[in-house]
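Consider the two complexes below, in which subunit A is the common component and subunit B and subunit C are the respective partners.
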Partner chain A sequence: MPLKFEFPDARDWRYLIESLQTVIEEANFIADAEGLRLRALDPSRIAMVDLYMPREVFELYEIDEERVRIGVNFDDLNKILKRAKAKDKILFQVEGGRLRVTLAGKAERTFSLPLIDVVGEELPLPKVTFDVTAKMVSDTLRDALKDAEMISDTARFVGEEKELKIVAKSDKGELEARFSLESGSLLEYEVKQPSTSSYSLEYLEDIVSKAYRISDLVTLEFSTNKPLSLTFDIAGGGVLRYFLAPRME
Partner chain B sequence: MSARAEVPWAEKYRPKTIDEVVGNPEAKKAFVAWLNAWLAGKTPEKKAALLYGPPGCGKTSLVHAAANQLGLELIEANASDVRTSEALKRRVLRAATEGSLSGARGKIILLDEVDGLNPREDAGGLDTILEIIRVSRHPVVLTANDPWDPRLRDLRNVCELIEFKKLGVREVTKVLADICRREGVQCDPSVLKAIAENSEGDLRAAINDLQAVAAGRRSVSLEDLEMLGYRAKQLSMFEVVRQVLTAKRPEAARAVLSMPSLDYEMLMQWLNENIPYQYSPSAVAIADAYDALSKADIMLARIKREQAWTLLPYALDLMTAGVASAREKPPFKFVKYSFPFKLRALSSTKDVREERLRIARAIARACHVSTRTALIEVVPYLKLIYEGDPQRGRKLVESLGVPGDAFARAFGVAVQERRAAAAAETRRGPSATRSARRRA
Partner chain C sequence: MSARAASLCLLCRGAKGLCGKPVCPVLALWRAVESAKPPSGLLLEGSSPPSVFVGRVGYPRVRLAPAAPPEVGDTSAYDAPERWLELGLGKVLEMRLSLVRGVTAVDVRRPRGLEELQLLAVSSRPVDVELKFAKPPKPGARLDLFAPPMGPAAPAERVRVLGDPKPPRPLEKAFYDTDMGAEEAVVYLYESGVPVSAIQRAFSVGALGTGRLRRLVPTRWSITAVDDIISRHLIERVKRLKPADRYLFFERKHEHNTFVALIAPGAWSYEWIEAWFPHTTWNPGATVEVEGDWEGYWGRTTYASLGGCYYAARLATAEYMLREGFQGTAVLIREIYEGFFLPIGVWFVRESVRALFRSRPERYDSLGEVLERLGRSTRLPLGVWLEKSALLGRMLRQERLEVWL
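Let's look at the complex of A and B:
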């Protein structure tokens, strides 16, 4: 068995896969001695997802080879994960070109699906220095983005000295959501230089509304007219990070 | 060879800078001017450029080279692959309004082969392209072979039209020579010229052809080119037969199939006639060759009977590569091939056969039977009667509406003189006739 790993809660994996699906439909997980990684660009090359799950987050992690590629279609995998009950454990095994997924609760069920060949390039992370860094409750961000989406398809992020603003404007009206350390809506806030940048809400809202279930907290980073980074920490040391290209205005 | 053969040379040697793109200086200048306006922050009047011209003249290469040289991210979609409105939106429309993720200074959006869109099947595809151009914050480049298609009218109106002309033989040859140098292949100049001429200005096709003949080799001569069936010129049937029968490898025999107008039924007959001349004294070779040919014949028969045209490739491969794969072929010798005897015989008997058919039809009509039945069941008896007793035979035949002479000529009636004379004798005396009848 080249690769085998077990995770305590199958539903976390469903949320994770749904979060990845916001950017891409199929991709390669790369497993090595350190853990599991996935990095992928969406087809229009404006959003990137970068996942790292160190072996410590798994209850069991065994790998016989140096590197194992697991090419999957997320839609197919998700159909299986949707069958998971609360408190089901999940075990992944890779062997002979197939991925075997075992859901273990009251009964043990093993699904098997063929691995697919996903053409993947080695992607470097975007080289950006971020001038604004804010940490907040992910549900709060989700609400603000939902509000903004009623108004416009673009959200403007404004990082001022003491305050982070999310602004949406259109013929339909205007929204301004304000966050600060003082009001308690921000947990951490650092501004090297006041910055402002706009991003497509279509993507942003989609990502946050799925990924907020992975983590209660989100770290948001951006600079003027530069990509936005959203980091969701996974309990145990894993990281799910997104990059989103700025909207040109 | 393996690693080199895998990467298409047309990709491997795609120009990296604008200067490396061969030919079409005016088009290059117009394109660079248009692109520079974008990069200078002045959105040009036409937000999109439509590069048009014959295949392989450098349209796509110019865009790739420009993106590479100017450090622009290239968002590429081939309109004949990504054709639905939905797919275009997902892959391109989103990219058109957003900046670059990778930190590039900008993007070029390239929609290749827009004339490949089918307005009925790919409903909305053209509208989506127009929308992409409308909302795009980046230069949009389209390519097409034929921009004057009425369907593309709306597109033409919003595009800067830049025409590419087909490349000249000299330009193509120069690129080919350069590739040969970089691949370390000795190539005869006549080979490069032949490839260039054959490509008709399509550099991509020329490079592909060059790779096909030169990959993994040290040198290429004009003979190599011809052995690979490269020049699909029309050979006479003699040359075709010779190429098939004396091919050293099955591929060389198959090469005759690439000729523009090969009459494979004729080839079948020619092979049938000439295999023994070329392959004797090896009985094994003759047997193998005829075995392959007979299988090809079965395929051809099925094609005709059942209209099973999918079998044609088998028939063709069997009659060329199959025949050439015969074991124990004797060493090459020059043989003067002869015209198929079957065809000669058929043509020399053509008039007689037609006459026979005409007569059979007449008899068939008179006897209320089919032509076939008339030929098989009526004609032999008539012939027998005619031979035994020409006068009665003639009468009988003419009563069926066929001139007696024509019948005798067509079916080769050999009147036996003695019996004919005897018959004439008996007819003189009525009693004798009667007794003869009784005897009958």
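Let's look at the complex of A and C:
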């Protein structure tokens, strides 16, 4: 068997796949001795997702080959993951062009789906230096983005010395959400240089409203008119990261 | 009328009673059209194109009305919107207003027992019918935003199918296959080459779907349901094609309407914008009313505010991209000018946009050039589109990540 890995909670995988789905419908996981990776651009090439799951986050991780590519359609995979019950373990096995998914709780159910050929390009990460870095509770960010979405399709991120602001404006009205270390709404905050940049809420709200279930905390990084980075840490050392290209106002 | 009231009309289009009046004042104007001559007497024998109308008032207890003109012969063009653009609106109105409906009452949940009328509705050629009315048909016409115009009507005492309905093979199969879901059947019929209008008729009379779940569907709803089902299916295929490599521009000026389409390189997304000039069907006010709706690559989860036209034009757009073998970002704009004041149905948009995409596109290398061309084509200035269009806004302002890779 070329590849086999087991994860303690099947529902975490459902959340993970739903988070990837906000950017892409199908993609390749790449497995090697270090762990599992996935990197993909959305069809409009506005957003990128970058996932890394080191072997340590798995209860079991066995690989016989140097590199195994797992091309899947997330919709198909998710139909299976939706069948998972609380506390089900999940085991993935790749063999003979198929992905076998076993959900193990009181009973053990094994599903199997064909691997698909996804044309994947090798992508570098965006080269950006970030002037503003903020760490906050992911649910707080989600709320602010939901508020902003009522007003506009674009949110402006303003990193001032003591305060991070998310601003939305349109003929429907105006929203300003403020976060700071002082008020306790930021857990870490670093500003090399005050910066302002705007991003599409269509993408942002979609991403955060799924990925906040992966991690309670999110690290947000940006610079003036440069991409935004959102990092969600996965328990055990994994990382789910997004990059989003700016909108010029 | 205030700008606020005018924009209400545009969103309501006589369907929702947003202005609070018991009868839509815009539609009331067109009671004037109620001049279509009814046949004399209580008996009408004619060839149904076929045409069967399902009402929506009183849902789920609605009116079911087979229709025929008082003549025998090849009337197939009377209910085939695919052929109407070339006939001209005058001729279409004349044909449609000569269709007399024999109205019966049905419960949409009980399509059983209606087999004869269902078979009539799915026939590929005209069928002779005899309508016996309970009282003489009243003169007048029925105009609808979604459905094509209809002529006089009267309660039917008896409907007799005299001829022999002949459904096209695929429709016959879908009709008798009670395991085939309605959505699956619609796609199957479309792929088999059955015209969209015939699929809509079959969908409407409850001739499609899984046995027990078959329902009649008001004509108005079935038109948009079928446009939506087919275009969603086509879009899934379009999304697998390579992106367009240049900017394309299409223009069609026809019957007091301008249709333009701009297709930009990029992932599938679609926008439909309508500008109603003063004193047109859905804009009795004195200023131009502009409304639009759009969807990104992932589609939409709510019903488009502009309704039927949005989905009809989306179908024509997806058909075009699939035929040409690429995907792209499509912005479609329709300007409706003074002089276009009859609600004639969604078919006009579907067929006009199909015709638009049959014309030869102009090709441009940059967004700037194609926008400049757009500005010269429409009566409203470019600035209006840049302000109203979500997709043009995105094209102009949204950066792509590639810049940093």
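Just so it is clear, the second predicted complex is superposed on the first by the 249 of 249 C-alpha atoms of A that agree within 3 Å, B and C clash if a C-alpha of one lies under 4 Å from a C-alpha of the other, contacts with A are read in each partner's own complex, and residues count from 1 in each chain.
Note that in this section contacts are C-beta pairs under 8 Å (C-beta built on N, C-alpha and C of every residue); 3 or more make two chains touch, one makes a residue touch a chain.
Keep in mind it's a predicted model, so treat the numbers as computed, not measured.
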Subunit A as common anchor, with subunit B and subunit C clashing or fitting: clash
Looking at A:A104 after the superposition, I want to know if it touches subunit B, subunit C, both of them or none. Which is it: first, second, both, neither? neither
So in the superposed three-chain picture, is A:I24 touching just subunit B, just subunit C, both, or none of them (first/second/both/neither)? neither
Does the superposition put A:A245 against subunit B (first), subunit C (second), both, or neither? both
After lining up the shared chain so the two structures overlap, which partner does A:L181 touch, if you call subunit B first and subunit C second: first, second, both or neither? neither
On the A-aligned overlay, A:I116 touches which partner chain: subunit B = first, subunit C = second, or both, or neither? neither
Once both complexes are aligned on A, which of 8-16, 26-34, 134-142 or 314-322 in subunit C overlaps with subunit B? 314-322
Subunit A residues touched by both subunit B and subunit C? 41-48, 124, 126-128, 200, 202, 225-227, 243-248
Quick one: in the complex, what on subunit A touches subunit C? 41-48, 123-128, 153, 200, 202, 225-227, 243-249
If you look only at subunit A, which of its residues touch subunit B in the complex? 41-48, 124, 126-128, 200, 202-203, 225-227, 243-248
Of all residues in subunit B, which touch subunit A in the complex? 73, 75, 90-95, 97-103, 137-138
Can you check the complex and tell me which residues of subunit C touch subunit A? 239, 266-269, 296-297, 390, 394, 397-405
